[in-house]
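For reference, chains read A, B, C and D in written order, and residue numbers begin at 1 within each chain.
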Amino acid sequence: MAENDKLVIAGREFNSRLMVGTGKYANYQQMVQALEASGAEIITVAVRRVNISDRNKESLLDYIDTKKYTLLPNTAGCYTAEDAIRTCRLAREAGLSDFVKLEVLGDEKTLFPDNEELLKAAAVLVKDGFTVLPYTSDDPIVCKRLEDLGCAAVMPLGAPIGSGLGIRNPFNIQIIMESVKVPVIVDAGVGTASDAAIAMELGCDGVLMNTAIAGAQNPVAMAEAMNLAVRAGRLAYLSGRIPRKLYATASSPLAGLVA
Amino acid sequence: MAENDKLVIAGREFNSRLMVGTGKYANYQQMVQALEASGAEIITVAVRRVNISDRNKESLLDYIDTKKYTLLPNTAGCYTAEDAIRTCRLAREAGLSDFVKLEVLGDEKTLFPDNEELLKAAAVLVKDGFTVLPYTSDDPIVCKRLEDLGCAAVMPLGAPIGSGLGIRNPFNIQIIMESVKVPVIVDAGVGTASDAAIAMELGCDGVLMNTAIAGAQNPVAMAEAMNLAVRAGRLAYLSGRIPRKLYATASSPLAGLVA
Amino acid sequence: MAENDKLVIAGREFNSRLMVGTGKYANYQQMVQALEASGAEIITVAVRRVNISDRNKESLLDYIDTKKYTLLPNTAGCYTAEDAIRTCRLAREAGLSDFVKLEVLGDEKTLFPDNEELLKAAAVLVKDGFTVLPYTSDDPIVCKRLEDLGCAAVMPLGAPIGSGLGIRNPFNIQIIMESVKVPVIVDAGVGTASDAAIAMELGCDGVLMNTAIAGAQNPVAMAEAMNLAVRAGRLAYLSGRIPRKLYATASSPLAGLVA
Amino acid sequence: MAENDKLVIAGREFNSRLMVGTGKYANYQQMVQALEASGAEIITVAVRRVNISDRNKESLLDYIDTKKYTLLPNTAGCYTAEDAIRTCRLAREAGLSDFVKLEVLGDEKTLFPDNEELLKAAAVLVKDGFTVLPYTSDDPIVCKRLEDLGCAAVMPLGAPIGSGLGIRNPFNIQIIMESVKVPVIVDAGVGTASDAAIAMELGCDGVLMNTAIAGAQNPVAMAEAMNLAVRAGRLAYLSGRIPRKLYATASSPLAGLVA
């Protein structure tokens, strides 16, 4: 059943629905092992952390096999549309990728997205020919607008970056899935394996995470756990779960999310 | 990390922490495929459904490779201690096993356990030399008493049998784990993959399920999903998840279960 | 609408659906003010804390106007059926009441009920002519048995005594309400006003609490809050709430508890 | 304790923290009774439903005692900043009020706010001298910006308008309360009394609702329930609730929201 179940973003096919970040690891070796254990095919890297100007110095990219992984440069640390646009252009000039994970943050404390600036940046970048995957809040109106602007996917947060709270509002995620046709990828908030499984069971197309893996006591083992969890959740979604009932012989199922 | 992580019940070691039932499948072939996909090593069978008296007729057991799987006969359909005790003895006489999953049900509607009768039956069966794994409610006092009587594990329900509601009261499960030293196996209530992962993330030793797999639209795929989910949840538990916080830079973690 | 909405227990009518305890207050004066603010008509007192043998000494009862309140002696601190039965008989001999709140605790740590002993005690006390209101776990089978034994109500816990966790398993409370005809009173676990409102909105007949009020920073104000909350929850239950939907124009309601 | 606890918006004091709408009632008489039962002092009316141009015809306003209630005209039905701005100006010209509840909706299906347009409209209206109370999503960045623009309060949704789902993401509401100094009023999503109590227990300054009351089977009784619930929740918040613990003798409290 799972064999032909591909994630398709902007015409490109992926077998894994888990995307992972590259920050916060103890060292590059640990990062490499965690990437491997995660089974991810798409790896996001902060453009700011890649030494673009002087590639003679050691760089994160020296440790990532770009034949094996699809690089997804991101604009972490950008707080305005202008800054994010410039960062994407730099990444392209440095030959990183046309795929970008667009982040425009609203403040340093919560790392919530600034959707106003995000929409401005997305409009420009799509026109510039980028394949834009925007990190946004779980707001159906913003997600629809991002799709209308030509974004290749929408990436609503499950909870604040690094919070580990899981998907706090599955109802909004469900409404977003009703509202857009592009892939919906939960980005941020996952804390443990079941959070990732829940995202997939809701019908999301993928999950992106960083802190949940890199910040675990054993990041490599947690990366494997997430690998298994995303596959478990996706397979459960495809398998058609039993209805929820108060007890087995109850006459009517409990519809909707009972969370 | 997971290699040396064995489930030990009454001195016997198992690699899989998922136990599955054999009821409600469309046919034996589907059951066999689902058992295989689940990766389970312990398979529970209702003694009432095994044709013990006349083994010439077709039987569930003809389809289960007892070299590969550990059979766990259960007393499904018993509503009194007396009935459950007799059923276990019949199973032993027929050569099924000394391991028994003890169920004494309180009513036909909800299939909740009758803990009073359960305790009576457990006391007798332990003295009879059975290795008793009792299905019970999520009641720490009853679980402690079952352990004191000599049961090899306790199997509190996550939710009513066949309800698919997941673990409705993780707090009670956590108190049970504080209260007993024998393995705690969540039995009943799981509906989808994340439910199984959550049980393992709580620190439970295993999960037992039947309807969630057999009742899915694609039971074989759901069995695989559960296989992955139990491993994901266990691995996440062992990996040491990140703390929950309101946002990443919040000064204090949100302790406890934020469910 | 609320005028004719009476709580009826064993033929006696009450206007308030909130019952409160008398322990853990800073002093008797504070207790008296909190009782008053709560609007409760039924007040439970631990028989062990009433100086039955020597009524010349100061006693809790000196502070409670027994013309105004219905006293409900309880067996707090009893760990066996025998002890609880003896305590009830002492209370009756001392002229306290025939109404008793029956508690038989399973351990000192969690204060969970010991349902086995509870059932034994209930059987004896009902035959003795007591009006028995038993504190029990949220177990539908035990609740049904308590009703069958002749108890005048059942009082399942919402969460452990003093935990303040609210109703952890509204599903079980709902099944209990389906299972018995006597009043269902949530006893223990309430932490704040909304917890009490939720109990009433589920359709429970009443709520009993102590720590949530006595342990608050301002017990008298919290007593008033609980008074309002129980009335709010009951009135909301009677008023017929709107269905839950993903959004207002969604075609199908989200049935069941979305908690 | 509650006597001096006033809600202050733009320098004006209110005793009630419940604000109610005027739509969806069976008739004006029912509306009037529900308003009365709610105890609300601030009543929101859709400018579009008031017959501004021809005040000789029957109007909603003929039924509302504007000496008793503070009118809060709202821009329901506006989908652009321009439309909302024009609507507010019309309301002012007609003598309705300088206080406005600003709604700019993103679509007709979900009635989610369009925050981009909302921010534009808010900027203009504040400069125009209006006291602006904007309906927005539970987005801390947007709420902070609305405050910075000079809005007198922020009114994040608890759940979609008319959904009755309660506060789906109390974490976001909590972050919003950390982020802004103006009053935080939960607007939309409340379904029943406990939802309103929960909003107040979180520390919100007020709650605004319409469908939960007008759509109940008995709107007048539900209005009274909400009146009680808002007071209960506020009083519980002020009273200092007991900490959540796994059980009373547990050594550490369960911090954060255990929802």
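Assume a residue touches a chain if its C-beta (ideal position, glycine included) is under 8 Å from a C-beta of that chain, and two chains touch if they have at least 3 such contacts.
The chain list, named the UniProt way, goes like this: A, B, C, D = Thiazole synthase.
Since the structure is predicted, the reported quantities are computational estimates derived from the model, not experimental observations.
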| item | value |
| --- | --- |
| Candidate from A-D, B-C or A-C with the same interface as B-D, over half of contact pairs in common | A-C |
| Result of counting contacting C-beta pairs for A-C and A-B, higher pair | A-B |
| Subunit A and subunit D, separation of their C-alpha mean positions in angstrom | 34 |
| Between subunit B and subunit A, distance of the C-alpha-averaged centres to the nearest whole Å | 35 |
| For subunit A paired with subunit C, centre-to-centre distance based on mean C-alpha positions, whole Å | 48 |
| Multi-chain contact residues (two or more partners), subunit C | 110, 160, 165, 171, 175, 244, 246-247, 254, 258 |
| Complex contact set, residues of subunit B against subunit D | 171, 174-175, 244, 246-247, 252-259 |
| Interface residues, subunit A side, partner subunit B - complex | 1-2, 108-111, 160-166, 191-194, 196-198, 201, 211-212, 215-219, 221-222, 224-229, 231-233, 235-236, 238-250, 254, 258 |
| Residue numbers on subunit B that touch subunit C, as the complex places them | 106-107, 110, 112-116, 119, 137, 139-142, 144-145, 159-160, 163, 165, 168-169, 171-172, 175, 179 |
